[in-house]
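Pasting in a structure now, in structure tokens, and then I'll have a few things to ask.
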Amino acid sequence: MDSSKLMTMKEAVSKFVADGDTVYLAGFTHMIPFAAGHEIIRQGRKDLTLARATPDIIYDQMVAAGCAKRLIFSYAGNPGVGSLRCFRRAHEKGVPKPLEVEEYTHFGLSGRLFAGATNMPFLPMRTNLGSGLPAENDLIKTIKDPYTGDEVSVVPPLKPDVAVVHVQRADANGNSHIWGIIGEQKDAAFAAKKVIISAEEIVDESVIRSDPNRTLVPDFLAHSVVHEPWCAHPSYVQGYYDRDNEFYMEWDKITKEHDSTMEYIQEWVLGVEDRAQYMKKYPKSKLDALLPKPAFSAPVNFGSV
Amino acid sequence: MDSSKLMTMKEAVSKFVADGDTVYLAGFTHMIPFAAGHEIIRQGRKDLTLARATPDIIYDQMVAAGCAKRLIFSYAGNPGVGSLRCFRRAHEKGVPKPLEVEEYTHFGLSGRLFAGATNMPFLPMRTNLGSGLPAENDLIKTIKDPYTGDEVSVVPPLKPDVAVVHVQRADANGNSHIWGIIGEQKDAAFAAKKVIISAEEIVDESVIRSDPNRTLVPDFLAHSVVHEPWCAHPSYVQGYYDRDNEFYMEWDKITKEHDSTMEYIQEWVLGVEDRAQYMKKYPKSKLDALLPKPAFSAPVNFGSV
Amino acid sequence: MSEVSPTELMVIVAARELKDGESVLVGVGVPNLAANLAKRLQAPNLLMVYESGAVGSNPSRMPLSIGDPCLVSGAKSVCSMYEQFAYYLQGGRIDVGFLGGAQIDKFGNINSTVIGSYKAPKVRLPGSGGACDIASNVKKIIVITPHEKRRFVEKVDFLTSPGFIDGKDGWRKLKLQGGGPYAVITNLCTFKFDELTGEMTVVALHEGVTIEQVQENTPWKVKVADDLESTPPPKQEEIEALRALDPQKIYLR
Amino acid sequence: MSEVSPTELMVIVAARELKDGESVLVGVGVPNLAANLAKRLQAPNLLMVYESGAVGSNPSRMPLSIGDPCLVSGAKSVCSMYEQFAYYLQGGRIDVGFLGGAQIDKFGNINSTVIGSYKAPKVRLPGSGGACDIASNVKKIIVITPHEKRRFVEKVDFLTSPGFIDGKDGWRKLKLQGGGPYAVITNLCTFKFDELTGEMTVVALHEGVTIEQVQENTPWKVKVADDLESTPPPKQEEIEALRALDPQKIYLR
């Protein structure tokens, strides 16, 4: 067991995220690694290309903090609430700095990541034709189907420099069990050159090995393993804590102005040392309300021959 | 709960497998639905196109019994033992009748099924170039990568008329939990026009719903659900019974001649009514030796919000 | 009419379009309410597939986002994001998809990307998400939208999700596997699409609405079906079932 | 030499080629033995990936097939068949792949498809399986084969898995991501491949074997390395570890 992979988020970001990198913080609404995004802001990374299907609040914060020069995305909204105001300020008005955009449909972006993870030369897909997106994005091309002669839209693989994937449980080497909405976690881990695994719980290897079908990320992909409970707050972790919806709505108000946004970032990101301090600062009653009642999976028998 | 899907293998094959169909009995070494193959033989289906990455013993039997006119495959061996003699007799000598072949690599065939399951126009892949296979199979084409200009091999989707997928546990509607080697089960179910689910156990819907991440085949794909314990013998079912390796080795001797093969088929396929009778006839001591010791997965908490 | 809100009316009318046994790709909010209402009334075997990969969900509360954990606990199955789009949508497994958007034109083309020009937007909207993928691959697209002049436009600023483009010929050339726009449900009326030309056509007026009111709120000369109908008013059963779905009125304002 | 069988010798020599930390795509039988032997000796962190989708297996017995349940119970992960080929092989995640076959030529091209013509075979062999996919995508291909004249041929009857085709130029044109053939290990010697021409070259003779013996069993004029070495004889430690892996001599005949 190569326990040298175990480190703090501070160490992991310091070692594996560089200025100018293309970064993918994975998770489709679920298990978004907010703690990693905050640490990237604290360490002042800049000129990042931020890739995510749904930039969500985490990229809105990183854009406001000036970390990003480009956004690769497919849906730039505050899910269930409305706009991402920091994204809009940067893109529409260049505040705090201009933001380039590279835009896809959900299928197109998740397809690019899948193609990156599996190293496909390119991925043909039944979408984009008729839409205005290909005209605004040279990476979406049209070719001829060799079987039917029809026009087919294709996208190229996406291979981020670094991906952060938050999981429910991992062993010290990074073998990771994920359940609930599994989004693009597996594809992000396989597509990226460097992978930071962050986990609610670090468990013994035997727990992982008791259910290999549940392992979406095998250890050899992981460059670092961070034990980071509540990493995903205010998003959620199936079976661990619910989404803090109140905060998602509050974000809409916090971000009305760049200044008010930066006050938040000063207090809750730059003003704390790490996720543990952030959680300590957060009202405990609000957190308690996010804890679900237990509902366990029926076990399965793998058998031993 | 639409319990009208529950039926015997005899009813399922009678309703959903027709002469001339392209049939995919799924399972990469694991959970091969032998009981379905035997029932197809008993019902005298003919002119079938049999598709499977590994024809294995089951297609060898169906070829010997005269059900097949064409084989789509990627590895026609008796895994761990040697040749598939019935396949060879049909293909090399036309005994009992000629057999056309359509051949791929494992990646090519599993890729065709994946493309069929996801309705891709075609699938680009890093294989086939340099091999002699494309020259013998017009469906493997080469096109130009629009990003690099390089030559890329592509295959078209495969959409069988009917797939049989054996699973560990399903509910009465066909929601199916599968674990262990998951091969091409999911892709076969999504690619096929009609799907027969066969299960070691029929469980309450609540068991399936306790772990939705384990459901590889959702119910709306299933046209029929068959409760068929030991369906996969002499192949195996993770957690339920081991491979009957002795029989795999014996098959090599049984099939030395077409006549000796047909004697086997007469006794063990045509000579029994169904899988239950086959199992009753099989020496119990041999079956007992195939039962594994239990080894359960560590449960996970899905939580209830 | 006075007792239901415009949103409630739209949801009730939309729910009626869903048939038992159909599969529907559901977003949160209003489409989720319409699908769940149909399931409780005429379509108990409606298969609900969520963009987040959850299938056959059994939610214990009104989902707060497309990936709400209540969509997973007790669902029939869950798959990854690429899988959801590839196996379900591209796989041709979805009958009905609901779409919204900032602008729609008479051929059902939808803009949810940008007001103004793409390169220098007046208002940058969230973008396609799965909308273009849904529009390209489901058998029937149903649009639910308030009937406002800024939403119904002669030409969308950006074509995010294809409707019938410039009419059915333009659309046929794309060879999409989907069936294209099927209905647009507003607070005033229900539009369907002319089979030959692909143009949006008023097929039913909601209670108390005149065709003049529809025309006033639509910038082009609206086409009206020969057999124009009146939308049957919401039944007590529909209203009660709907309100039970969103007791806190999160979406039913 | 008298105390190890030809198969044991080949497995021991092959195992020595594996480095700690490498990933290896393992088939059952002889390659499985070689990988497991290396893991027990110089390469404790060898990552074993099986064609059936099992990764980091911890088998309780000698696997009987590529999909033996003992490869799953206690493994690190399992994925589907397409995923195994797509994420691992095509993904460029595999360093070493073992191949066998009925025929091999001097550029490392392998035939496992047919003896005679494809359309009217004298002997129909199982075919590629994953062999061509492995040959096209791993960094190093290692071939383990008995040294017989019917196996070493001037021209393969069918090219199942590409080696260096007709030399490195022909191979470069294919732009495969893999590194091509790396070593051929027989019961007589170890071949590696000339960096410039891609031709199979004897680099080491096993104990007691002469270059004449190699030539006698190879139909073309064999190329010999300038610095031809002697294969270090099997060590007691290697022999014991190997035999412990297959106590019933299922593969070590």
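Labels for the chains are A, B, C and D, by order of writing; each one numbers its residues from 1.
Convention: a contact is a pair of C-beta atoms (placed from the backbone, for glycine too) under 8 Å apart; a residue touches a chain by one contact, two chains touch by 3 or more.
As the structure is a prediction and not an experimental result, all values here were calculated from the model.
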Query raised in the report: When you check each chain against chain B and chain C, which touch both of them?
Result: A
Requested in this report: Any chance you could name the chains that touch chain A and chain D both?
Outcome: B
Report task. For chain B and chain D, let me know how many angstrom lie between their CA-based centres, rounded off. Result -> 29
Report task. With chain centres taken as the means of their Cα atoms, state the distance from chain A to chain B in Å. Result -> 37
Query raised in the report: Distance-wise, how many Å sit between the C-alpha centres of chain C and chain D, to the nearest whole number?
Result: 57
Query raised in the report: Which residue numbers or ranges of chain B touch two or more of the other chains?
Result: 119-120, 125-126, 150, 180, 182, 210, 213, 238, 242, 292, 295, 302-305
Requested in this report: Among the residues of chain C, pick out those that touch two or more other chains and give their numbers.
Outcome: 54, 68-69, 72-74, 78, 86, 90, 177
**Report entry** Which pairs of chains touch, using the document's own definition
**Finding:** A-B, A-C, A-D, B-C, B-D
Query raised in the report: Contact residues on chain C for chain B in the complex?
Result: 23, 45, 47, 54-56, 58, 60-61, 68-70, 72-78, 86-87, 90-93, 177
**Report entry** Partner chain A, residues of chain B touching it in the complex
**Finding:** 119-126, 141, 143, 145-148, 150, 152, 154, 156, 168, 177, 179-180, 182, 207, 210-211, 213-214, 238-240, 242, 292-305
**Report entry** Of chain C, residues touching chain A in the complex
**Finding:** 28-29, 51-54, 64-69, 71-74, 78-82, 85-86, 89-90, 113, 118-119, 121-133, 136-137, 158-162, 165, 171, 174-177
**Report entry** Footprint of chain C on chain B - complex, ascending
**Finding:** 2, 117-120, 175, 190, 208-210, 212-213, 215-216, 218-220, 302-305
Query raised in the report: In their shared complex, at which residues does chain A touch chain C?
Result: 28-30, 53-54, 73-77, 79-80, 83-84, 87-88, 91-92, 103-108, 110-111, 113-114, 125-133, 136, 150-151, 180-187, 236, 238-239, 242-243, 245, 248, 292, 295
